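Scroll down for the structure; my scribbles are underneath it.
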Amino acid sequence: MWSMNPIRLLKGSFRHGVHPEGHKEQTADLPIQRVPFGSRYVMPLGQHIGAPAKPVVNVGQRLHRGQLIAEPGAFVSTCLHSPVTGRVVSIGPQRHIDGTFTRAIEIEADPFATQQLAPSPGLDWRSLDMVEFIDQVQQAGIVGMGGAAFPAHVKYSIPEGQQIAELLVNGAECEPYLTNDHRLMMERPGALLQGVGILLEKLGAKRATIGVEANKQEAIDILNDHLGPDQPIRVISLPVKYPQGAEKMLIKAVYGKEVPAGQLPRDIGVAVNNVGTVVAIADWFESRMPLIERVVTVSGPGAAYPANLIVPLGTPVREVLRFCGGLRPETREVVMGGPMMGSPIASLDVPVMKGTSGILAFTDSETARPREYPCIRCGRCLEACPYFLNPSRLARLARARMFTEMKAYRVTDCVECGSCTFACPSGIPIVQLIRAAKDNLAHEPRDQGAE
Amino acid sequence: MSRKDPDLLIQTTPVLRQGLTTPHAMRDVWLSLLPLVLAATWFFGIGALLLLSATIAGALMTEWVFTPEPRRRDVIRDQSGLLTGLLLGLTLPPGLPLWMAFLGGAAAIGLGKIIWGGLGNNLFNPALVGRAFLLGTFPIAMTTWSPAGGPGQLFEIQGSLFALPFQSPVYDAVSSATPLGLMKFEQQSTGLMRLMIGNTGGSLGETSGFLVLLGGLFLLLRRDFDWRIPAAIFASAALFSGLLHLVDPARYPGPLFTLFSGSLLFGAIYMATDPVTSPLSPRGAWIFGIGIGLLVVLIRNFGGLPEGVMYAILLMNAATPLIDRYTQPRVFGRKAGPG
Amino acid sequence: MDMDKNLDTYQEFVKGIWRDNPVFVQVLGMCPMLAVTNSAVNALVMGGATLFVLMGSSFLVAALKQWIPKQVRISLYIIIIATFVTVADYSLLAMLPGVHKELGAFIPLIVANCMILGRQEAFASRHGIRFAVMDAAGMSLGFVLALFSLGSIREILGNGSLFNIPLFGETFEPWVIMILPPGGFITLGLILLFFNWVAARKKAFLEQVAQAERESL
Amino acid sequence: MNELVWIFVSALLINNFVLAYFLGLCPFLGVSGRLETSFRLGLATTFVLIVTALCAWFLNTYILIHAPYLRLICFIVVIASTVQFIEMAIKKLSPALFKALGIFLPLITTNCAILGLAIFATNRGYNLVEGLIFALGAGAGFTLAMVLMAGLREETELSDVPALMQGTALNLIIAGILSMAFMGFAGLFSST
Amino acid sequence: MNQRVELPTANQPSSTRLALSVALAGLISGIAIIGIYEATLPTITANKARQLREAVFKVLPGVSRMQQLGFVDGSLKPVDVPIEDLTLYGGYDNGGRFIGYAIPSDGPGFQDTIALLYGWLPREGRIVGMEILDSRETPGLGDKIYKDAVFVANFSALIPDPDIVTVKKGTRSAPNEVDAITGATISSKAVVRIINEGQARWRGKLPAPGQEPSLPDPAESPEAGPGSG
């Protein structure tokens, strides 16, 4: 089914994109450490894409680690579990990353608890049918850990008539600074392959591919060592380029195929998962551990001691940073996620969530914005945009507030990867303008409807 | 914790930027032109420096006067006005009176840039607008070429430079024909070696093919321009002139002469590549370059003028919005480009 | 006509010269204007011919307006205008053959000048003879003024002379482009720029005055 | 043959109706805001120019040799009514074509490019074939100028053009620069 | 402001009335035009004839009378209406003796068509004068083809054998060479080419020397009817 285009094979990647400096050496060799349990945990009810979860606990109720604390609010929604053994302190508004408030369950850890999960033999996943499997994934609260936090069980609900032929595991980790996926692949190859096995069988895919960028050669070697002789799993080394990890780019890089605009990978028979997601699957089915902790990279020039950490969800960023030496005084900005697509945080009180891959601290030298000059139409943004849009034009249209015209220029296809802004020598905040324009467009139909 | 949290900036990502900025690109271009300036001084005496100062002064003063206050510092800082003046100066004949050069610089910025809204908004190459204005205004002075001298004449300044404003120049020496003029009107070819080294008649900056290529190489390595544009110009000029040469070798010069004579190298490397006035998309860049090459061969071989690089670039500048419109890249996952 | 009551002869006359100048403000009748304004003489002759045609046809249209059926009025205006143009064309050919040669095809093209037809439709057909003629006179004088200023700028810079009288002596270096087509476009563009600038300055000044008055109250 | 090539190239590039003869400036400055419209207006104008060349030749050969003084009136009346007639015919025969081009016809018929073509063709004594080639070149040249202008103007809409320059002032300067660029075609094919 | 009140339909004029008013206007306008035409015709014709005569006399020194000749049915005859492409003017002295031809020719120049007239003495095989009738060459450059007396003087004694050729300024060395104008090479070459084309067009069509058409009636002043339009 997958005819490989020879030219694509030679190139082995998608076209366009940018090459930011990796800065991964700060943490690539640091083994994952566990952050000790603290006292206060905050679990926002909407830390995934879709409807917020509904609390099933009351204030004051005692919890043990891994206990269900909120159930899905809809099909596109998922469960939350308590990251610690402790007590519900409040259910109400808490700081969110963008500075607004969001409903969250606040938990006080029991200082004397061992914080051990009860040992479990796991689940006999082979006997589950598809409906039960999907239900289990939702029960485990698993969401995509590549950043989008899209509930995994929704991704696995393949509509009638579609067939998944290929499982693609996203180990690209193209964002600079981040090494959490890298370490995970090195340190838990067994779990990863286990998870791949489960997904292969349950999704009915014929083959799995783990796509890893070439700057993680040790991970590739370790995974290859762990691969059995006739497993339908292969590990592919990809040239380093941002945004290789964007799923459609990864598919292009691995299979040479384009997912048509407006469609999903599964429409061409591919399921894409981040390595973290796959490990979470393995953890649930092998040892019944729901998604209550994740690997986070703490790095950036403002971080005193960069590290790769296993962090219980809900841990305030402040606590994570304190564990690894805090921030340097020259820190100006803290970003949750990668430096290209992550979100700056307004307060160190926000908690680590399911989608948090990194906590990066930047100083003046990174955050000082270049002086803005007029667009000189150099075309660098065009050559950066992996979606082959015309960011220069989009930015000019956005400035002229010609939002409707932007639709003709396919502004809706933009994934906001930021490559264009990165590449622009005139310092034009292109992706920022695009985001603002998209906001405007999103509100437009409603306004018209009201008239 | 006793220590206070830092005041956190909230600046949307991406945090990182690739290092190059617009003033850097402009600086690279004028740096790469310095060898040409030196060569021009060597061949035409220090009068060349005066001429270049006149165009630059005309350009910068116009830009300063007509830019509203808050942006004045920026427009000087971005160095594009300096570049326009310098590039215009390098396309002028060595004996042009200074007042004309100053006027040319003013026209370049005034007509070519300010009225469009300044840097980035102009649709025609400002330096070439200035040159076209001068050529149309003073056709005789602009086609009177003084011969290239040597270091012996380094400190001799041609009297014609100092013609009073609004007055016709008087030339000291007999004017010399340029290689293209010789070719067109006397069917006389000039050797390739002389074209490369540059001791031929012609504009200040275009005479030494070798140095122009060297500057181009520098810009290529620094990735300051779109290499496709010069590549397409060279390829199409060579192809079309080669075809004509096959038809009638006596009448139409071959590809090598076409490439190395006149301002083709200079125009292709420094002026067609002006990012502001050339197409955005890679496919557009190819079409743009091929169009320039074709027009140059057309004008040189069939037109009334010996040289057509300037007109070819201006005409393709005019077509650039159309090229851009019809060469939108195909959007990822779609069958066609936008628009 | 009753609407004529609130008109003022003088006002109708001057408005065409500056405030509603057909070229600089309304941007009408550009073609003949740019094509022939490479010297002051050509510009004046062309302006004179236009003045003759416009005044004549405005007079006729205003005089005959009761008899002109609405449905065919445009055809009749054009016939009237074309007649005057032909008269102007032959008279010039007989009287000033040299200038006629330079103006060439552009005299007959006065027929197509939208300003003339526009005045018939917008003014002459709705007003009395006196105002129609005043309006036509003002508009044509405005047109002549525009042609003349453009023509003299182009001739002075492009040829160093005005009405063929050299102004700057032998060694003047003419700005050839001013006489060529690009010079026409660019000069008119710059004149319009100047008009915009004056208008903007005037507006700013009036606003300042209003502001000062408000403050002093 | 050579003569025909020169008539065509001259009307198309060297002596472009708009950029060198200043004919048809109203549509050029007024209707060139949108590329699509400009192109269609250009096509419609080319069509009317060709009709004009036919009419002019017919009138010159059969009528005006007897009554030269009726030239102007004849041109206007005959061209306008022929175009009117064709307009009605197109409307009947091909509503699609009418929608694409027909709406421009009334706008064009009285414009000076049309009349200018008739007068130039007469003054130069072109025969039928020469007249048609002249019309074709003039129309193509007009379309070229319109389309280039429209492309440039659409782009300036997104630029920070100073308020004082906006509108006709800038358009005239663009036309001036275009006209300068077209000077490069001077002498084209005339020496061969 | 100008609210137009639509007239009731009953008052609408009938289409015959519309047609009649247009026809009436046409009639009046026709009369006016014929009037001015008749009034100016003598002056205009006289002007044109004078201009033509002056040009012919200028390119054919010594000529004081002329007539329009056309190539019809294989021979050169006096004609009233010019024959397309094949019209020229015979020049005669006071005594009615034939001297030479003034040949009009035109062709593309640097900017636009150049129309010129040149004087040709068939007996001596010499060109003796050239006058530009119409051109749009660049002021200051191309217009030297008629403003530069030195260039025009090139054409006062030229032997086109076999053709005229243009040479670089100052290098004229043979009787068939013309010095180009520096800076206006194209225009100067165009003039030469246009004359050569004129020569080529008439080659073999001019009668043998001595057989030229004579003036119809030496006493009557010849009138060359200028083309209309």
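Letters are used for the chains, namely A, B, C, D and E, taken in the order the chains are written, and counting of residues starts over at 1 for each.
Rule of thumb we're sticking to: contacts are C-beta pairs under 8 Å (C-beta built on N, C-alpha and C of every residue); 3 or more make two chains touch, one makes a residue touch a chain.
Here the structure is a predicted model, which means the values were calculated and not measured.
Between chain B and chain C, the least number of touching-chain steps is 1. Ranked by how far their CA centres sit from the centre of chain B, the chains are topped by A.
Annotation: C-D is the more contact-rich of the chain pairs B-E and C-D, by number of C-beta pairs in contact. Of all chains, A has its CA centroid at the greatest distance from the CA centroid of chain D. Taking the mean of the C-alpha atoms as each chain's centre, chain A and chain D sit 60 Å apart. Each chain gets a centre from the mean of its Cα atoms; for chain D and chain E, those two points are 28 Å apart. Note on chain placement: the centre of chain A and the centre of chain C lie 70 Å apart, centres being C-alpha means. Chain A and chain B have CA centres that are 48 Å apart. Residue positions of chain B with contacts to 2 or more other chains are 111, 115, 118, 120-121, 133, 136, 139, 304.
Residues of chain E found to touch two or more other chains are 26, 29, 33, 36-37, 110, 138, 140-141, 186.
Taken residue by residue, chain C touches two or more other chains at 79, 82-83, 86, 90, 176-177, 180, 182-183, 186, 193, whereas all remaining positions touch fewer.
Touching chain pairs in this entry, ordered by label, are A-B, A-D, B-C, B-D, B-E, C-D, C-E, D-E.
For chain C in complex with chain D, the touching residues are 27, 30-32, 34-35, 78-79, 82-83, 85-86, 89-90, 104-105, 108-109, 111-114, 117, 177, 180-186, 188-190, 192-193, 196-197, 200.
Within the complex, the chain E residues that touch chain B are 110, 138, 140-141, 168, 180, 183, 185-186.
Those residues of chain E that touch chain D in the shared complex are 26, 29-30, 33-34, 36-37, 84, 107-113, 186, 189-190, 193, 227-229.
On the side of chain A, the complex with chain D involves touching residues 374, 393, 396-397, 399-400, 402.
Residue ranges of chain C in contact with chain E, taken from their complex: 3, 67-69, 71-72, 75-76, 79-80, 82-83, 86-87, 90-91, 93-95, 97, 101, 126, 158-159, 174, 176, 179-180.
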